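The following pair of complexes shares a single chain, chain A, combined with chain B in the former and chain C in the latter.
Right, the complex of A and B next:
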């Protein structure tokens, strides 16, 4: 009863309502600008709201979180420059839709499915948080290693480019992620005694360079190309279209919830896995994946927003952050005298209701604000390349510098931008390289932790992969992902389908 | 994606881009060098820091070699081979100028700091890409864009600009 009444607190409090709306509006813009992240905004808000009531602070942060995750997809769709890692997968089909003049439709679809995905994430948080958190605690380092392997295997099926070149780019990204101090042993790898290399190569400058600067330089090959006329008549998707894609959206959201519930993983991995799952399961996409399929936008956008609800599950039930933003929220609780942990929901039952309510309001606000802003956002496409390219480059510079106030990051970003330009020229996709940079540390550190837990015995390691239920499920998924790419499997499935058609006839 | 603008030859094999094989050789050299350096990392156990660097760099070398063979088998040489044409393909004038400007920008940024360096970069780039037109418009747009960026990053997000 107490929890139920706590749901009404943000709804009946005008100040909290306004803070959620403000946070959502600000979050959309923060998420859209490359280099600005929801994590950065949330950490700033912690100090900003130091003297505020905890409910007001939470309302603002929840709004920024919800808005920011969607916002990252806006620039990914319009400019092929993801505002956040979680939006990389959205651009695979979102940007081709913009090139076809369907940017408003893509944004409208992304916004709508983001609403449904977010809603499912919040409902699961409300109903099944304790159950999911119990399962999430069972996940061992070898399972994180397997999840990262799944992410790496996506490189083989990413977008519509050359598979082998995609793997080379991804492998290069993984290799570059090894630069710096090894977190397990402190050994320096590929640093050559250089103090700047000891810090390692952050994936955010690489992402901004490989998408922002590379896109700018690639477009500079012909600045006279006219802006593609966008069809602004169709923004709000029809009910028929929504119902058609609702099952895919909900399936992808479920993936997002589970991945988000795992501490240390978030919307970026969830979006990728959901994209790959959609690619494998959707038999007749609206267009080939990588060339403007609506399904290629729906799956990652549903997954990355559902991961928000998932990330709150371990935070509220166990006091373990699901991702960087929930880690910051835990900091906010501590600052305000609360004690996150397994008894948090017992000691402060109101907080659960308040957070769920704020997320619901933010989710709805995001839908309304985003739908009303789509026409404005798509105006960016109308800006001539000669004007847009220099602005995008400077935005990339300042966005990169804002991460760590480091000019070295800016130089890395520009270097990656130039490398990405040549990679694109020769048919090497740049997204796998960014993914390699993100997944490399997860792969390396969790593999080694898993090995250490079995005293470096490879037989025990392999045995644990098949005897542990969660690991076994992941191994089966990975085996399926590998086998389904082979010509033998495709021939086998073609025979099965032909036989089924013959039987039906 | 940048498309090659060379037509297929009589045998319907597409032309490869100039420098494509050289680019793959570059990856072989990078992978090979990375593997050589990885040999000096602590090794001997299944959880040593050299496992993944060696694995990944070997993968880069092998797949780059495969890519070279595939490229030679499935494509034909481009119809032109003069250095001038190759340079024009790799770095058209606008891209070359932008890269030069970026290099100068990187050097002057820590000297004259963010606001003047960025304004000059944006203004000169816009005027150049518009072939000398829109002098006042470019100045206004550069100023406005810079003002918005400074307002957001310096005053809202409290980022100390370079």
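Right, the complex of A and C next:
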């Protein structure tokens, strides 16, 4: 009975309600502005709300979190500049839709599925948190390695430009991510004695550069090209359309919840894997993937918001952060005198109800606020390029500097921006490089851990891959991903289908 | 005439500006604090808990940022490269003491001045609640007789888990297989998931898991029992050979680069002393699982040097170092 009443706390408290709404509104903007990220906003808010009551602080942060994840998708779709790593996959089909004049429809769809995905994530958090966290713990380093491997395999088939170039860009990204200190032994790799190289190449400045600045520079070549006229009639998706895509949205949301629940991985990886899964399972997309398929927007947007609910699962049940933002929230709890950990739900039972409630309110608020602002956001495209591009570049500089107060980050960002410009010129997509930078460290440190666990014995490593259920499933997925691309497989499947047809005839 | 007035006016302005600058009080602007480990970890929690009170005393904000990497070497080198004017603080743990002998970098706390050592904590030897090792003796027996090496969690060569398990190796002659993770938190996650068998983490990281019964504490790495877990024996109780290493253990404090002006150091020390004397900090220290140190100045330097002697020679005697502590003038404990 106690916990039931805790759900009502935010609803009955006007101050908290307003804070959630404010947070959601602010989050959408912060997420949308290229360069500013939800993680950065969350850490700023923690210091800002230090003297507040913890419930008020939580209300604000939950709002910013929910709003920000969707907000990142707005500029991803409109300008091909993701506002957050979780929105990278959204732009693959989102931006082509804008080029076709369907940006409002894309944004409306993204907003609706974001609501459903978020809702599912919160419901699972509410009902199944302990079970999921127990399973999430069983995920071993070798499984993280396999997940990263799946992500790498996806790199080859994404974005614009041909496959080989995608592989080269991705491989370069992975190689660049190796610069810095070896995670297992502490040896320096490619640092040339320079302390700035010692800390490695952070993927956030690289992402801001390779998307924001690159896009700006590329568009600057044709400043006078008129903006594409957007069809603002169809924003709110029809019920028929929603029902058609609901299964895909729910499937993607489930992927998002699980990946969010894995400690250390969050919305960015979830969106990527969901995009790939959609690509493989949707037989007749509304347009080819990468050229404006609605499914290509629905999958990542459902997954990345469901990952929010997922990330709270290990945080609330075990005190282990599910991603960067929940890690920051744990810090806030500790500062406020709470004790996150396995006994958290027992010692502060109301917090769970309050968080779930705040997330639900934020989810609903996001749906309403975002839907109403789509028309306004779409007008951004009409802003003359000559004004928009400098603004984007300035915001990129500010946003990069704001991460760590480091000018070195800004230099990296600009450097990557210029690199990305030349890459685009020669037909290389920049997304694979960014994803290589994100996945490289996960691949590297988890492979090392897995090998260390079996005392560097490769036979045992391979044996572990097939004797553990989670690893076995992932290995089968990867094997399928590889084999299904080969000509032999396609010939085999064609024969199977032909046989089925002749049998039915 | 006009030119003369303009000249006098400009000179007066210059004087005005100069005198303002020379009488400007430290701190004139916000201060940057760099935490050498990632968010959510023990050092992060201590730093963020103690800083707000210090800020009210100073009258300016201390902007805290995590700058993890290279077991803290990235943050240390970064702060070292900044001017010694008191506007860049380093929040650090005990890891830098091993940088020189492990060849990570040639700087350590000798290049810094300790403003305040806040807290020290004891390490705890942890296994899963359902593991077959009911007490420390079981663990050692298994480590000696098992055909496959036991997997022990590690956070890298300079971290507490590694040094603590070296301690156990030195006294009992057993070997473990080290698996490295990004921090004590991920080590505990891996322990709970059964991916490692044992890990020595700081009490702060383990306390909530021990209290909830998910993790069993076999021993505390200290010379006496820790008030948070009165039933867990200390290593010295298990074997008196451990006695010569203590007092020893992880600590967390705040530092500035050597050469920072004295009046700046005095102001900062005063602010952090104020924060440590706050009763909220006492409660925090207890919940955290640590013991308040509140050491500053020469006492802090002595504490740090002793800690370094123990760790550096321990690792060197076990053969894990790249260079000998003798090269750097580190005396045996």
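What we mean here is this: the second predicted complex is superposed on the first by the 499 of 505 C-alpha atoms of A that agree within 3 Å, B and C clash if a C-alpha of one lies under 4 Å from a C-alpha of the other, contacts with A are read in each partner's own complex, and residues count from 1 in each chain.
Everything below uses one rule, namely that a residue touches a chain if its C-beta (ideal position, glycine included) is under 8 Å from a C-beta of that chain, and two chains touch if they have at least 3 such contacts.
For clarity, every value in this text was computed on a predicted model and none was experimentally measured.
Undergrad: Output check: A:185 vs chain B and chain C. Expected answer is one of first, second, both, neither. What do you get?
TA: It touches chain B and chain C both.
Undergrad: Once the structures are superposed on A, label A:448 by its partner contacts, choosing first (chain B), second (chain C), both or neither.
TA: both
Undergrad: Is A:141 in contact with chain B, with chain C, with both, or with neither (first, second, both, neither)?
TA: A:141 sits against chain C, while chain B stays out of touch.
Undergrad: Looking at A:13 after the superposition, I want to know if it touches chain B, chain C, both of them or none. Which is it: first, second, both, neither?
TA: In the superposed model, A:13 contacts neither chain B nor chain C.
Undergrad: Which of the two, chain B or chain C, is in touch with more residues of chain A?
TA: B
Undergrad: Is A:397 touching the first partner chain B, the second partner chain C, both, or neither of them?
TA: Touch status of A:397: first partner only.
Undergrad: Check the residue A:175 against both partner chains and state whether it touches chain B (first), chain C (second), both, or neither.
TA: Touch partner of A:175: chain B, not chain C.
Undergrad: Touch check for A:386: first (chain B), second (chain C), both, or neither?
TA: Only chain B; A:386 stays clear of chain C.
Undergrad: Which of the two partners, first being chain B and second being chain C, lies in contact with A:264: first, second, both, or neither?
TA: Once the two structures are laid over each other on A, A:264 reaches chain C alone.
Undergrad: Just which bits of chain A does chain B share with chain C as contact spots?
TA: Shared contact residues on chain A (touching chain B in one complex, chain C in the other): 184-185, 405, 448, 452.
Undergrad: Which residues of chain B touch chain A in their complex?
TA: 1-2, 17, 19-20, 23, 27, 30-31, 34, 37-38, 41-42, 45-47, 49, 51-53, 56-57, 59-60, 63-64, 66-67, 70, 90, 92, 94-95, 98-99, 102, 106, 109-110, 114, 118, 121-122, 125-126, 129-130, 138, 141-142, 145-146, 149, 152-153, 157-162
Undergrad: Taking the complex as given, what residues does chain C use to touch chain A?
TA: 32, 38-40, 44-45, 48-49, 52, 61, 63-65, 67, 69-71, 73-74, 77-78, 81, 102, 104, 148-149, 151, 156-158, 177-182, 185-186, 188-190, 192-196, 207-209, 211-212, 214, 280, 283-284, 287
Undergrad: Quick check on the complex: what are the chain A residues that touch chain C?
TA: Listed in rising order, the residues of chain A that touch chain C are 43, 47, 50, 137-141, 180-181, 183-186, 195, 198-200, 263-264, 318-321, 324, 327-328, 330-331, 334-335, 337, 339-344, 346, 404-405, 445, 448-449, 452-453, 455.
Undergrad: Would you pull the chain A residues touching chain B in the complex into a rising list?
TA: Residues 33, 36, 40-41, 44, 161, 164-165, 167-168, 171-172, 174-175, 178, 182, 184-185, 187, 189-190, 213, 216-218, 220-223, 384-387, 389-391, 393-395, 397-398, 401-402, 405, 407, 410-411, 414, 418, 421-422, 424-427, 440, 443-444, 447-448, 451-452, 456, 458, 461 of chain A touch chain B in their complex.
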